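Order of writing sets the labels: A, B and C. Residues in every chain begin at 1.
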Amino acid sequence: MKTASELLRTEGLTKRFRGLVANDSIDFTLKAGELRCVIGPNGAGKTTLISMISGHQQPSNGAIWFQGQNITKLSIIERARRGISRKFQTPTLFDNLSAYENVELAVLRTGCPPRKRRSRILEVLDLVRLVDLADTTASTLSHGQRQWLEVGLLLANDAILLLLDEPTAGMTVEETASTGRLIRRLGQELGLSAIIIEHDINFIRNLQAPVTVLHLGRVLVEGSFHDIEHDEQVRSVYLGDQ
Amino acid sequence: MSTALSVVVDATLITLILALAAFGLAIIYGLVGVINMGHGAMLTLGAYLTWAATTAGLPFVISIFLAAAGVAVIGLLLEHIVIRSFYDRPFDTLLLTWGFFLVSTEVIKIVFGTDLRNVANPVPGAFDLGGIQIPAYRTMIAGCSLLLIAGSALVFFYTALGIKIRALIQNREMASLLGLDVSRMYKLVFVTGSFMAGLAGALISPMLSVDPYIGNIFLVRSFFVVIIGGIGHLLGGTLIGSFLIGGSETLFALFSGQVFAQTAVFAVAIVVLRFRPHGVLRSG
Amino acid sequence: MKQRTLKHRSLLGTTPGDLLFSEPGAALIVFAILALLPVFFSGYMIYILPQYMLFGVLAMSLGLLWGFAGLVSFGQAGFFALGAYTMGLSMKSGGGIIDPAYLGLLLSLVVGGILAAAVGYFLFSAGVRGTYFVLVTLALSIMLEQIAVSQSQITGGWNGMFIDRMSLNLGPFGKISLFDDAPMYYVILPAVAIIYVILYTITVTRFGKILNGIRENEDRLISLGFNASLYKTGVFAISGAVACFAGALYGTHANFVAPSLAGVLFSTEVVVWVAIGGRGSLLGVLLGGILVASFSNYLSAITPEYWQLVLGLLFVAVLLYFRGGVAGAVAQLVNARRAK
């Protein structure tokens, strides 16, 4: 079944909260180096899916495979060490530390030798366009900059699979555009994979990545943005939602 | 046979007295999430105010209510000046209420001195039950404790106010959307908790010699009662927590000294806390 | 290059002025002054000051925990008293093959470290929260006090235990008596300085930086793949070992230990010292312990209640208005001056 380039696979992933089924038997695969957008109306189960992949929530049923290994029972810590790293919906940072110190903490967990840490930190800060703000306290950064800094933490943490929960929320149009460029660069140049939860349709269109549509905890349809845009089911879900 | 009976009686009395002492803490922690490290000081204040009022010649029953009201007023001031801006920061309220303990203990020492004070027992004597002597006043306090908890249960479950408070614990945002004045409800809860702490201190005062640290005897035990019973399980949790803490202390004391029994109970409580951080009533 | 404007330059770029205004520079001055004091003073001050320095170490044990890892322990006095009892018992035992004083010091480190590690791991591995940790440490303090009271055949119960002054055993070079206050002073002062240097070093290493991460956002740190509970256990173990070690020295210096040394009131006094001294700075905390304890001793002869009241109000004021304490305020002043 498994192909060489497969990075992540979920089988029948299900999450029940008391009576409510947040994720209903989701089969989801991601290739190495692939970017994937996950969209869907509120309550479709997007964040739940990401939380189960990152280990922040345990599935009620089903299994998660990463790089050919079953990681369903692994803790958040063990998954992060294998390269699954998560950005939360609201930026989650070390608020009273500088941008530099934030990234430094992420680097400290990796095997980066001490004398190379500094250049690694600056490299990451450069990537997320925060070098000039390296000494700025995280809490005083703008919302968009905080989002980037958190992405920077994942990069500095040597993530292979980035789970990005609404990376452009609260960003200006320009910030959103450059976030799109950043994420594409991560895929093309660094060969990283990402699952991106988004609401911004322009952002998704520009990213040119395959899209998975969730609805009521199930995968409604998967395909290119063009296909999704013209899919009758998707249209009815979104229109019906309004 | 009479040993078994006396153990049962002892355990019952201790359970109910401990529940009384812990009830104010359970209200404040369970409903508004403040770990009130000043709880011990509130008990102490209740005891001293009772001493002051009875010494001034007032009848005991009036004195205890005056004392409780006095502590409620102090709780109101504490809430209004300090606590209300910190409800979403439990760690800060813990330290700030400890600051309240430090300050109020020193004020008590300045106002009342450090000598032991005694409040005359309003119901002296004991009655005989199957060959064992049961102190009348303790029995009365245990009854008061039951009445208070039952009364609070009525308010909590059967009045409009109780429904509002329960809505508030369930979902703070929803409650404010429904037009409940959240900050006033919080204030009301904090003051009620302070009142209960003051009343408990007042009722306990005739049983012990009153000194500036009398409330601290109950502070940690009250916390364990609340945590083990389960936060938010205001009524059943307090009783069960008190039973586990007070009852096991009685049991341990059968085989060892009183002092060692307390140590053992704390150790057991810490183990329970580790494995059941949400209390024994919550499953999973 | 842009990078040159960053504060995070390598040590090579540090000027002598930077050192003078940094915490280690200030610490150097403080320890130099402390080292010179016995030259100019004698008597009670030289007798009592080492005890306050050990209180300062006790404060640092909490400062490391609170200021860096964001954990507050209300049980530090418990460890301190445990150290004093350990010292007393090993002095009584005569020590066997190793000198009883050294045995006491060594055991205090081990006992304090192991007890803290065991309690810490037991709680942190289950995800027990910071607020509950405070309550457990408070209970720990009470339990240790109660054990000291109830095990009177070993500890002397309420009456306490007398502990001999240690002497410095130099093996083939003989023994130096520390019965006089000045030699004792010059044994305790370097011990305090060494502990300061060790703790300060810890705060700037990888371990210390990770502690900062725990204080700032533990969930974030876990999501980055750090085993936060292990680091918390580690810092609590260090803190317990340091407090216990300081207690061992204190016991042999004061010649006496009683159960109240473990009590809640003393434990929380430590919290007050640390808050006022400034929990972000180990030097601030050390001085907080030394100075507040000195003032307390001096003023409680004159006006005990009002002094304690002032301390309580200061504690609340620090929590409400200047969380960095005195050290934080001084650092702000110095930085503002230098920025001009």
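For this structure, a couple of remarks:
Just so it is clear, a residue touches a chain if its C-beta (ideal position, glycine included) is under 8 Å from a C-beta of that chain, and two chains touch if they have at least 3 such contacts.
Please read these numbers as outputs of a predicted model, since none were measured by experiment.
The pair of chains sharing the greatest count of C-beta contacts is B-C. A centroid comparison over C-alpha atoms places A as the chain most distant from subunit B.
Between the Cα centres of subunit A and subunit B there is a gap of 48 Å. Centre-to-centre, using mean CA coordinates, subunit B is 34 Å away from subunit C.
Centre-to-centre separation between subunit A and subunit C, using Cα means, comes to 43 Å.
Those residues of subunit A whose C-beta lies close enough to touch subunit C in the complex are 54, 56, 76-81, 85-86, 88, 92-97, 100-101, 104-106, 108-109, 118, 122, 131-132, 134-135, 153, 157. Taken in their complex, subunit C has these residues touching subunit A: 2-3, 6-8, 10, 206, 209-210, 212-213, 216-217, 219-227.
Those residues of subunit B that touch subunit C in the shared complex are 35, 82, 90-92, 94-96, 98-100, 102-103, 105-107, 109-110, 213, 216, 220, 223-224, 227, 257, 259-260, 262-263, 266-267, 269-270, 273-275, 277. Residues 72, 122-123, 126-132, 134-136, 138-139, 142-143, 146-147, 149-150, 264-265, 268, 271-272, 275, 305-306, 308-309, 311-313, 315-316, 319-320 of subunit C are the ones touching subunit B in the complex.
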